[in-house]
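The two complexes that follow have chain A in common; it is paired with chain B in the first and with chain C in the second.
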Partner chain A sequence: MIYQGKQKIWSEYQKEIPDDRWFYVRSCIRQNFFPGSERMFMEICRNVLGKDFYETEHHTTCGGIAYHCDTIPQETVMTIVARQFALMTEAGYENYVASCITSFGNYAEILETWREFPELEAKIRELLWKACRREFNKPKYLAHASDLIYKYRNEIASRAKYRLVNKETGEPLKVVEHIGCHYSKMFPSKGVGGAEYPYVLCGMVEAWGGNVIDYPERRHCCGYGFRQYHVKANRGYSLSNTYKKFESMEPYHPDMIITNCPGCPYFLDRWQYVIAESEGKTYGQNGYGIPVFTYEEVAGLVLGYDPWDLGLQLHQVAVEPLLDKIGVEYNPEDKYKGLNKKDIMRPGLPDVLKCC
Partner chain B sequence: MGKLYEELSQDYRVVEGLKTCINCGTCTAICPAAEFYKYDPRKIMDIVQSKDDAEIEKLLKSDVIWYCGECMSCVTRCPRKNGPGLVLMALRNLSAKKGWFTCSEKGRQLYPLTKMLTGNILNYGYCVYPETFKWEDHKESGPVWKWHTEHLKDNFERLGANYQGKGPGVLRKIPQESLDELKRIFDVTGGTERIEFVEQCSRKKAEEMGMDMEEYFRMTFETTSEGHLNNED
Partner chain C sequence: MDFGFRISPSSAINLDNVDLTLFERLHEMEPDVYKCMACGSCSATCPASVYSGMSIRKVILCLQRGREKEAFRMMKNCMLCGKCTMVCPRGINTRHLILSISKLYSETK
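Presenting the complex of A and B:
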């Protein structure tokens, strides 16, 4: 086949994602802030679609955040990752899927570095043996968890109870997609659609009925910046980047934001609260913010799961205006309940940002 | 070629990240940190490829190398396939290795970062962990997070997590034998040595500044002087 021009360029960013048999590793940040998302990922892959996704209790952090906060040497993070690969090998799997974008970028960087410098891979194999008496095969295929939901997007659409459509007007919802920087900015060929036009989230939004909106700062970082957030004194950096993005997207009146990175939905959600409380400015309609979702939360919503089973009560920006636009059924009384509707109080309300 | 440059050029991230920089400044134009801080990755690349040890030493002792957010937006945009973000990581690594990070305010932040992150990894197996992510230190996380931290077990149970439980799942208790393996990895790869060296250098700096380690932690974690930002003198 002869490829020409854009078609040839585009072909470099297509991924032949294996359909089944994955070794799954979790994300430090997502387990803390979006516990319902990882649970929904496994629910969709295992129980809705009947795929084989294996997890072992023995896997740990990949060390990516510590590495990008410059607190551990490269050999340390590489050997932690080598141990994760050993767990995959011992479990009999070859396809490796990471829930975290920092991890995904970390794995991609390490595999590329080993490919270019085989002597470093040999050194890490020795260090792993010395520390843990383990050996490993490198994954045949490395994916981010959003790659899998992208791959299954049409199957999810065929089972959907709701679509990303305004039930009153029949118009597609206006959706901002935000891709985590380490998904494809370092290694564009590792991400669906590359770094310039990543398609991984657009594909989901289109399959589920929404319209992706473009805006000038679409590819700008959310502002995590690792040490620029984890050190309290530096957080102005993080806030300023989120502010820049919201000012840029505001004229396009987005209904919602979908993200594929652990930190981005947290920052895009929480900094809206800070901007509202400190500047009096809100970006949604009628004093609300623009709700920010993980891709599993959106998948769960279109499949008809209860919003409170997805963990949407842990967002600071209220999601109810969006649920009402779509027509999702929910019980407001259950939002802040514990298991079996146990009363565990409810959060205080912000002064400015309108919440439900 | 100076000795410092030689040491820097042993780092794989410099081999990968600094090939043929033409100093066009595209990295600076795209850089989120350059928009916020008095920071110019183009100049840093220029200094490193000058191989001038005196200038490189100044960099390693400065605030400037700690401004980058490691988003790697520069890697995508560089027309010569360099990675300024990778070079910055190598500079920070060398600054930590030499103990020069304590010479700058932003460099001194390596102490609280190391204590928090490596503490979480070695104690729990996670980089971020609910027990140590306190609302008091993260008030931007809002009233919802305050409520969440007051009802951690109930909320995690409600959402199907396996918080501090046996077996797989969200926020499971990572078995002690796996934590022991992490500790041995740190021991054989230089991770433990790095933690101890950062502690030792920081202790010395705290003494110089007349502080105990708790005061030093709070100062480096919470305070910043004027002059780092583009809109400050």
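Presenting the complex of A and C:
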């Protein structure tokens, strides 16, 4: 092996991530799926680490879902994205961080398209001016929010109240990390570690004390795939992909799954219920499922935030067995109490999948 | 519970569970079978392919994966015209290969 050659190849998959001053854009769907995650990201970055993160209420969808469902042309998506860049420019920021993986892939694709076809960029600038009299600068740095938590992982670890370690045995937890397809499969050089060796979530898990497990279908899609799930006739295909992943990871007995995409945690979580109810199969211990988390939720957990403030009661798969394993303190009575202890009502329980 | 959709059966093939004895015998009879690089020239030129899905490339692949029934279903449509032999860039006598497959696999049925 020529060491310098390896270093050169690996250096192409490293990513420069500025430390501070970011313009943050939220996801369309994450606030419904995992409502505590984006709030926790801002809480960690602004209040725990004291960084400058700005967001605006004028931000809209990036158009990624419609684009990937083939319902709007790319010029429309580009003009929507140009408006987001205009908001960043008006706010005086140069670093752009997206909460959503598809948005991140969308921004990377558009910036790359404009680099190769500058005449298209000129056309979009004109369209934006005609539509809303705005102008924009392209971001100097583009990152996904998980890149930032990856960058701050050691700072978070130094402030951590808990570690991803089984408190009874002292063994590191076995963690499955799942990267969203649009993070680095489209533009490998834009993600930490590229498409083959994405390190963004592994870095967090290792810094916080866990053990990443490798399994055959590790890089397989979660099964969401816009046109698979959104068309009901194709929904079995979506479910089959998730089933394939779970069958592959099952022999390694993972304690938890960590993801960095809006769709992946949702489908890995909810499809466990569907698999249990239709096939009678569960993947966790004692009839439970394998709890699935976003990276912000895991960061919040290790920093010692209340699990119910992180929105973990909205997961389909019960998280309590994992909280007990780590030794996280929580009050079971508060699980279904919302803001100001208001009762948010208990959901119905599944027949097969065991939930607390 | 019926959700209106369900898990599709897996198409994964575990090669450890596939019995390749017959394919090895075929290889002894027709050493060229390993020369195929799956370029698809045979399928592209096959007059039966458009109407019946016959493809000698797929037949070889199916036999290597232990899917004899699927291979035989395709082979039934071959008219032995020999066009595939004429276009094969690896010089495989595909017509002879098809005859050998038919002979060997039907003998052991």
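The criterion applied here is as follows: the second predicted complex is superposed on the first by the 353 of 356 C-alpha atoms of A that agree within 3 Å, B and C clash if a C-alpha of one lies under 4 Å from a C-alpha of the other, contacts with A are read in each partner's own complex, and residues count from 1 in each chain.
Here is the rule we use: a residue touches a chain if its C-beta (ideal position, glycine included) is under 8 Å from a C-beta of that chain, and two chains touch if they have at least 3 such contacts.
Here the structure is a predicted model, which means the values were calculated and not measured.
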item: First, second, both or neither for A:R235, with chain B first and chain C second; value: both
item: Contacts of A:Y243 with chain B and chain C, given as first, second, both or neither; value: second
item: Which superposed partner A:D351 touches (first chain B, second chain C, both, neither); value: second
item: Comparing the two partners chain B and chain C, which touches a greater set of residues in chain A; value: B
item: Which of chain B and chain C A:V48 touches, first, second, both or neither; value: neither
item: Touched partner set for A:I275, first chain B, second chain C, both or neither; value: second
item: Touched partner set for A:F226, first chain B, second chain C, both or neither; value: first
item: Touching partner for A:I17 - first (chain B), second (chain C), both, neither; value: neither
item: Shared contact residues on chain A - chain B and chain C; value: 232-233, 235-237, 239-240, 244, 274
item: Contact set on chain B toward chain A in their complex; value: 11-13, 15-16, 32-33, 35-37, 66, 69-73, 75-76, 83, 89, 92-93, 96, 106, 109-110, 112-114, 116-118, 120-121, 125-130, 133, 137, 140-148, 150-151, 154-161, 166-172, 174-175, 177-179, 181-182, 184-191, 194-195, 198, 220-224, 229
item: List of chain A residues in touch with chain C within their complex; value: 232-233, 235-237, 239-240, 243-244, 274-275, 277-279, 351
item: In the complex, chain C residues that touch chain A; value: 1-8, 10, 12
item: In the complex, chain A residues that touch chain B; value: 26, 28-29, 31-32, 35-36, 38-39, 55-61, 63-66, 68-76, 78-80, 83, 105, 113, 116-117, 120, 127-128, 130-132, 181-182, 184-186, 188, 195-196, 219-221, 223-228, 230-237, 239-241, 244, 270-271, 273-274, 308-309, 311, 313-316, 336-339, 342, 344-350
